[in-house]
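To keep things simple, chains are lettered A, B, C and D as they appear, and every chain counts its residues starting from 1.
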Amino acid sequence: MANFKGHALPGTFFFLFGFWWSLKYPLQHSWKRRQHGTRQSLPLFFNRIDLIEGVAKIFFAFVGIMAEQFVPDGPHAHLYNGAWVKLMNWQHSTMYLFYGISGIADVLSMSSLPVPAGLDRLGLSLALFVEGFLFYFHIHSRPPLDQHIHSLLLVAIFAGAASTMLEGFVRHSDLLEVFRCTLAILQGTWFYQIGFVLYPLSGQEWNEEDHGNIMFITMCYCWHYAVALLIVGVNYSTVWWITNWYRGRQRTDLEFSLRKTSHLDSKSQKALLQESDEE
Amino acid sequence: MANFKGHALPGTFFFLFGFWWSLKYPLQHSWKRRQHGTRQSLPLFFNRIDLIEGVAKIFFAFVGIMAEQFVPDGPHAHLYNGAWVKLMNWQHSTMYLFYGISGIADVLSMSSLPVPAGLDRLGLSLALFVEGFLFYFHIHSRPPLDQHIHSLLLVAIFAGAASTMLEGFVRHSDLLEVFRCTLAILQGTWFYQIGFVLYPLSGQEWNEEDHGNIMFITMCYCWHYAVALLIVGVNYSTVWWITNWYRGRQRTDLEFSLRKTSHLDSKSQKALLQESDEE
Amino acid sequence: MANFKGHALPGTFFFLFGFWWSLKYPLQHSWKRRQHGTRQSLPLFFNRIDLIEGVAKIFFAFVGIMAEQFVPDGPHAHLYNGAWVKLMNWQHSTMYLFYGISGIADVLSMSSLPVPAGLDRLGLSLALFVEGFLFYFHIHSRPPLDQHIHSLLLVAIFAGAASTMLEGFVRHSDLLEVFRCTLAILQGTWFYQIGFVLYPLSGQEWNEEDHGNIMFITMCYCWHYAVALLIVGVNYSTVWWITNWYRGRQRTDLEFSLRKTSHLDSKSQKALLQESDEE
Amino acid sequence: MANFKGHALPGTFFFLFGFWWSLKYPLQHSWKRRQHGTRQSLPLFFNRIDLIEGVAKIFFAFVGIMAEQFVPDGPHAHLYNGAWVKLMNWQHSTMYLFYGISGIADVLSMSSLPVPAGLDRLGLSLALFVEGFLFYFHIHSRPPLDQHIHSLLLVAIFAGAASTMLEGFVRHSDLLEVFRCTLAILQGTWFYQIGFVLYPLSGQEWNEEDHGNIMFITMCYCWHYAVALLIVGVNYSTVWWITNWYRGRQRTDLEFSLRKTSHLDSKSQKALLQESDEE
């Protein structure tokens, strides 16, 4: 898949996952923080949401493996016929396989089975590590710019693997969740950048030996990260603002209905408030 | 031992240890989780099991050292006679020595002596580190494929050393135990893979300079790890399923006998259940 | 900014921040330790102090970016006109941008918004990392002494990034705060040292190929750190001594006024003292 | 000090410190575990012991700096006279300086001043890091064996720096104390090994290019560590055995005297025993 589309596809996936996480986590936190105010539609949604995420990962990984194998110029599940057949496609299939395993780990963690806490994070960390590991041995003997732009991708991948591994031990750390969101978005947008640089749409090739280009790309990587931080910041703020506004309206409704009912249940209200404080 | 057997032997050991651990840990956890249901044969078994593991390690390490020293073409405990004698055998003896020390640390940790908590894990971590350390200076100036296939082994060894060291501080982490099991199995199967590649049974040598071979081997390493994850997953599930089924049968028996006996001791039953919940 | 001033400017900033922190932290700790003795002017000051620090960072970052862009020989916000325009200035602007982001993270952490705990430290850590990251690809293909003296700067930068990242998880560790202070001062004084070596005021150039010079510079780096330790030590001691003396005088006044008032409130006094002990 | 004595001297110091620590820590632990059995000579000893260690470090560091500066062929405090004067001696002085700073940190930690917890460990970690840092830039452009044997020293130094830094955060970890003891002894004996190899007493020079020698030295390093583990193990066991025997005798005396006195104070005895259990 050495073309623009081949980089845009994984880029889109990583971007979407990072974007989605940066909506999911503030929503979960906001829900946890004030879950006793109202008791409505969301909880069921939350119980299923991580499960759906896991199933989606398994599904996409399966589709990805099939696509890599059975595209017209793919290996069609042949590995060796005198020489290795289409190793690039096999490597990409392997990457997808580990994202599929990560999906299975997610589903297991959501199930009622006594799996070790943090198995989902270990799974994701391994998938990222395998991705970085295969890329690392993938980029030797290429022109300097190509090599540099892929090395920068490795920074995002391995930082993501390390931070996700850490999440397996420091459970439910808000900070690590934010960090993971930004790194996923960075990886997504950087895949696009690689596509734009190596297979320019305008047709005008970049000089892959020019030191100025390498310096610009390094700096550009930092700008991508700044944008990723901005996106995550905006998403967190938006979710916080919407849930606050929604809750404000709910509370007004609740107060209205409470005035109509008797004040006898005020004791249970207090107990609930205490519970939410203790958290 | 530069032949197929020389790689199959340590491979078998690592594989067996990884396999055994992936049965032992879920059994221990399952036992801990419901240890008040029945009071039968297992506990004595568990008290002795880690001790036996340690003694086995010491025994195998001793046998290994003796074998390396006194095989017909071994150094027979001679180190220097104008030139160094059979340094390869001495290096392997040194590796076995540290696995022996790890066994001693296991035994000490099981004893009633006030040894530091986590000494057994520190011992295993050091044994893995020494193995990796000696291999690292072992693989210079070899053909690219040979060097690459051994470097990949180092990834499993040092990851194991790091994760086991971590276990010395994060005591009884399920996640790290699973991780260690998979890395031990990976190391085991990879030793076999090295043997198959460098000393092919079919007699047809691999081209040790071909870049395609190196790319395939890198990917193959990931597949080994996927298989290791599968094996550990199957073992954990099987143990969980068997203990559940066994316990189900026991509980039926228990309920039957309880109906026959008086209900006076129901209070103590409840106390026991509470204890098991609190855990 | 490849001249003495261009190194003195960031050096001054890092030195001042390190110096300021080595006064702020002992003051905060001293206040926390004995905050119930008197209830006076300081708390308001403390509530605002981190906020002002954040705003100052944003302001200086903004000024820095503007200066880098609009100095007479700057890029004036042009990035590409056939070739890359003044990439050095763009790189410095990028570094300032991330210090600005760190300032925003500080302000958000001080606000009443539910931002993740430790966001301010993550922000600072990222700013340091980006600085080191850009420097790292900045120093290739220079004479040995120039390269070495900048690599030593990287040690301070990355150690700072790692220790600040750790502070995001180990909250309010005195030890890490002391460590960060010393590393900031080290970075500050080392920027000056780079300026003195590469653009000597005396006009007499250093021989950039001489091995003796490289050895001296390495050792000199350790001396800078010893001085940084000394400065932080003196600042901590001074603050401790002054707050103790101040508090001693306050206590005398308090005792004097207490003798005049009745002894009835002695019970509440004890309660307060107990509270301060429990901390 | 490029001779045998120049390596034996620091070797002796590191060995003695490692040996001493491997006696001190089990003694402290044994004391803590059963400190209520008898109330005699030891506590005063323990209060002073770390203080004396710190003062000794400062004293030896001062002597070391003086010796390096004012030996007949030393720099006599001259640094530059057209060329750098005796940089080797200055580097060694710098190393001693940081061990002196570590001694000051020890003394401060023992004082009643509110220094950050773990400052003594940070100080020692920095001293080890500076030692490793200076050695690292010290060993370039030497023959392979010389370079290799010093790199192995760096393994012990940096492992010691990392583990001591960790001790600053994981306070009073038995495991890290044991680890530090073994690494200090390893460093000590390895300094001797370097002396024996580079300045052989027999006068017969080692071939510094021979690969066999390098392989042997790597393995020999592991043997040194095995011996260090043995020494620490023996010391811990001996201290444990002696304190147990001593305490056994004390308890017999105590029981004898208790029988003579009335049994009225048995209640307070029990309270004490409970306290010691809770620890």
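Here is the rule we go by: a contact is a pair of C-beta atoms (placed from the backbone, for glycine too) under 8 Å apart; a residue touches a chain by one contact, two chains touch by 3 or more.
Predicted, not measured: the structure shown is a model, and the values here were computed from it.
Here the chain-to-chain distance from subunit A to subunit C, counted in touching steps, is 1. Interface subunit B/subunit D: under half of the residue numbers present appear on both copies, so the contact uses mostly different residues. When chain centres are set by their Cα atoms, the one at the greatest distance from subunit C is B. One inter-chain figure worth recording: subunit B and subunit C are separated by 46 Å, centre to centre, where each centre is the mean of the chain's CA atoms. Computed from the mean C-alpha positions, the centre of subunit C lies at a distance of 33 Å from the centre of subunit D. Within subunit D, contacts with two or more other chains are made by no residue at all. The part of subunit A that touches subunit C in the complex is made up of residues 29-30, 33, 170, 173-175, 177-179, 212-216, 218-219, 222-223, 225-226, 229, 240. Residue ranges of subunit C in contact with subunit A, taken from their complex: 83-84, 87, 90-91, 94, 97-98, 101, 113-114, 116-119, 122, 126, 130, 133-134, 137-138, 168-169.
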